[in-house]
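We just call them A, B, C and D in the order they show up, numbering each chain from 1.
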Amino acid sequence: MASKLIAIVAGVGAGTGAAVARKFAKAYPVVLLARKPESFESLANEINSAGGKAIGISTDVSDASSLKNAVETIKKEFGNDVGAAAAIFNASGPFLRKPFLEIPPEVFAASLGVSATGGILFSQTFLPLLLNGVKQKSEHPPSLIFTGATASVKSNAQMASFSTGKWALRALSQSLAREFGPQGVHVAHAIIDGVIDIPRTKEWLQGAGPEAKLSPDVIANDYWWLHTQPKTNFTWEIDLRPAIEKW
Amino acid sequence: MASKLIAIVAGVGAGTGAAVARKFAKAYPVVLLARKPESFESLANEINSAGGKAIGISTDVSDASSLKNAVETIKKEFGNDVGAAAAIFNASGPFLRKPFLEIPPEVFAASLGVSATGGILFSQTFLPLLLNGVKQKSEHPPSLIFTGATASVKSNAQMASFSTGKWALRALSQSLAREFGPQGVHVAHAIIDGVIDIPRTKEWLQGAGPEAKLSPDVIANDYWWLHTQPKTNFTWEIDLRPAIEKW
Amino acid sequence: MASKLIAIVAGVGAGTGAAVARKFAKAYPVVLLARKPESFESLANEINSAGGKAIGISTDVSDASSLKNAVETIKKEFGNDVGAAAAIFNASGPFLRKPFLEIPPEVFAASLGVSATGGILFSQTFLPLLLNGVKQKSEHPPSLIFTGATASVKSNAQMASFSTGKWALRALSQSLAREFGPQGVHVAHAIIDGVIDIPRTKEWLQGAGPEAKLSPDVIANDYWWLHTQPKTNFTWEIDLRPAIEKW
Amino acid sequence: MASKLIAIVAGVGAGTGAAVARKFAKAYPVVLLARKPESFESLANEINSAGGKAIGISTDVSDASSLKNAVETIKKEFGNDVGAAAAIFNASGPFLRKPFLEIPPEVFAASLGVSATGGILFSQTFLPLLLNGVKQKSEHPPSLIFTGATASVKSNAQMASFSTGKWALRALSQSLAREFGPQGVHVAHAIIDGVIDIPRTKEWLQGAGPEAKLSPDVIANDYWWLHTQPKTNFTWEIDLRPAIEKW
């Protein structure tokens, strides 16, 4: 039965999402969701070549019909009674760090579309699979994990096009933790408070030393740790930051 | 010059919005925004009959073009260089207190449309008028006040279709407070933590005594107090609840 | 009856405490508590000369017997059935902004002695008088107001000798608000987030303009506003900061 | 060198402290601190019999001289240059859940003495050993972990004699995390939000099922997970509660 349990990761790219997918692929077939195939193709190949199982599905999490298509593809691949051991929402929309009055409404719409609406639609789509995972007596409680940021708890000047969606996502995760915890699904929220060490940030914080940025592989370990917590000891929220970070 | 300064209230109906409009109408011409004319017509008449000045404009705050129309109407009425002494966002979208998986995505969309997108569009529309108010040396710092709720700081089970938007709105208010405070605009957020005493809640909390519900007139006084704070002492956030409330 | 209602202010000096005392002296006889007579003598004279009524009592709020003496003095002056309309705890202990390992334990003890133990003892001493105020049907709900600081909600590096006591005091105020609100006493906490404009800070923030510091007189107005809130609309917490403050 | 690294656990008894000590004893010699020898004697025997190394020292964490004696004993046992890999503060003072005005000041003093003063003195005593652990290049960053509770973030009516100390302790942990993180010491705070499954609570929550209480062994695993986080990914705070807990 455990063979039916999969892990879904939304928002795979060069950073946290990919690291999380690699980590969970050691235990489960993984479904990689991203808008563009180039975001998941090489990762899926890598996992499949290493003896794991991964499929990528082009998906726009802010679009209900796109998520519906994703589920149909998943069921074709893994069966109609597929259960999920983990669903990880790591997607973020675009935003602008600019004076509020200079930000086009479309930017807010796109950011809220992913962080708020996307989080909601992703949860409505995959919670039934996670509840299936509960029925199938998964080894670890099925887990729904959301990636947050500094802007999930602090809304700085000029950051509203990011923070509005991130606060909404945190609210979602807290409500779901309270509703689905008693049903056996572990809902958690991780506040990533710092720069993550990925290709795009290679030039950042030069000179601050090799430990000035968060390691995506360690974030993946932390998500795995959340996933393995038993029902007696669920964590809703963790914060993660480099030791030298000012906060 | 002060004659050019107006107050705008979005979300007038039978409760807080109307009380706030009445209060601010004692000092400023007021613009009443609501989707349906029946929400503001009798209130506008009442204020105008009492010697104040009020106009109502049918407006959907979740729709940029509707807000654009509202501003054009305002400028026709009060001049192109109109400034605002206060803009109060008291609108809320519909929501359902139900199991998460039973809530149609449209409900989330409508709720976020008002609380998140509506708050953003309202702010982008009226902050220029508030900044005009600063230039015109308003007696009190021009104020942008948002109405929050218990669900702005606590996201309970089955409340996600309300709390996601309310957390987003609170994030917006915090970011704007930090950006526009130094420019002279006072941005504040009020957490209304309890049942408000309005016709719709008449039958609620019967037997708990006459002080078990929040008075909308007193909320209006509290908003006026926020409005009159000088630049040395700005409050971003207040909570308001009946003395007997459990929290 | 109202003649029996007094206001007590602990921690009067050159700043907030004195301003609060002056403000409340317009409505009530005030009792000024400070360790050293020089902290309250000229203030008491000023209030008495202006037609108000003030008495000062040398009191160490961290010492139960000293507070007991204060109450005896108060009862001698105002009668055994004296009620209080307001009790304002504005005292703070000494602290050091220094590396944690360089701070003598005595500094922590003194700081906790005032902010934590002092807050507790002050409340145990004067809540009976405030409850008496409820019985005597005071015009405004008797109010117990605590002065907090930035360090009440954020505990920065090297600030532990201040923040530990301030967090304890905030916890006290929240618990008391929940317990005594239903009994008619309004318990509130004010987060003063910035530099207050007092003689000691005269040279601070020079060049940042006349509005860079909090006005103690306006803080006093804010406390008075809290005091006049009716039982339908109690605020537990407000924050106060200059418009230009970074936060 | 690693042989010099020890773990110190304050507040060992039948629950979390003992489980944490057992867990850390698999990697380090452990020092068990409790006021009464009967709290640590059988645990020390158990660990020593199982091939680990444990010593117990009668210590009152609210008393600086008692902690000084503890350090002297430790240095006699492990050498003057002993370093610590972990120091875990799990002590709590007595408190009363009662109307505020019925709680003797001595109860507040005892509770603050352990949670606030005890936390401070424990940290001042053992941070030098943790910094020694940094110098000795411990495998995992030396960790200072504090046990919090629901009352660390929520201060309910009648709970002030517990929450005041717990909020102070949380403030301490946040300040120390900010000061000592950059120096290589990982400071963390765990909010234990529920009933822990220990002999004393055996009769509690009967009928709510075997997963209604927190497992102390799993709390110990969670602390170990915190301890093994590398410097790129430090968590300051986690919450822990049973899946079925209402919160």
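Operating definition for what follows: contacts are C-beta pairs under 8 Å (C-beta built on N, C-alpha and C of every residue); 3 or more make two chains touch, one makes a residue touch a chain.
Per UniProt, the chains are A, B, C, D = NAD(P)-binding protein.
Note that the coordinates shown come from a computational prediction; the quantities given were computed from them, not determined experimentally.
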Touch-network distance, subunit A to subunit D, counted in steps: 1
Chain of greatest Cα-centre distance to subunit B: D
Inter-centroid spacing, subunit D versus subunit B (mean Cα positions, whole Å): 46
Whole-Å gap separating subunit B and subunit C, where each centre is the average of the chain's CA atoms: 32
Intercentroid distance (Cα basis), subunit D paired with subunit C, Å: 34
Multi-partner residues of subunit C (at least 2 other chains): 178
Category of the chain touch graph - line, ring, star, complete, other: ring
Inter-chain touch pairs (all): A-B, A-D, B-C, C-D
Residue ranges of subunit A touching subunit D (in the complex, touch as defined): 141, 178, 181-182, 184, 186, 197, 211, 213-215, 218-219, 222, 225, 229-247
Residues on subunit B engaged by subunit A in the complex (per definition of touch): 64, 99-101, 105, 108-109, 112, 116-117, 120-121, 123-124, 127-128, 151, 154-160, 163-172, 174-176, 178-180
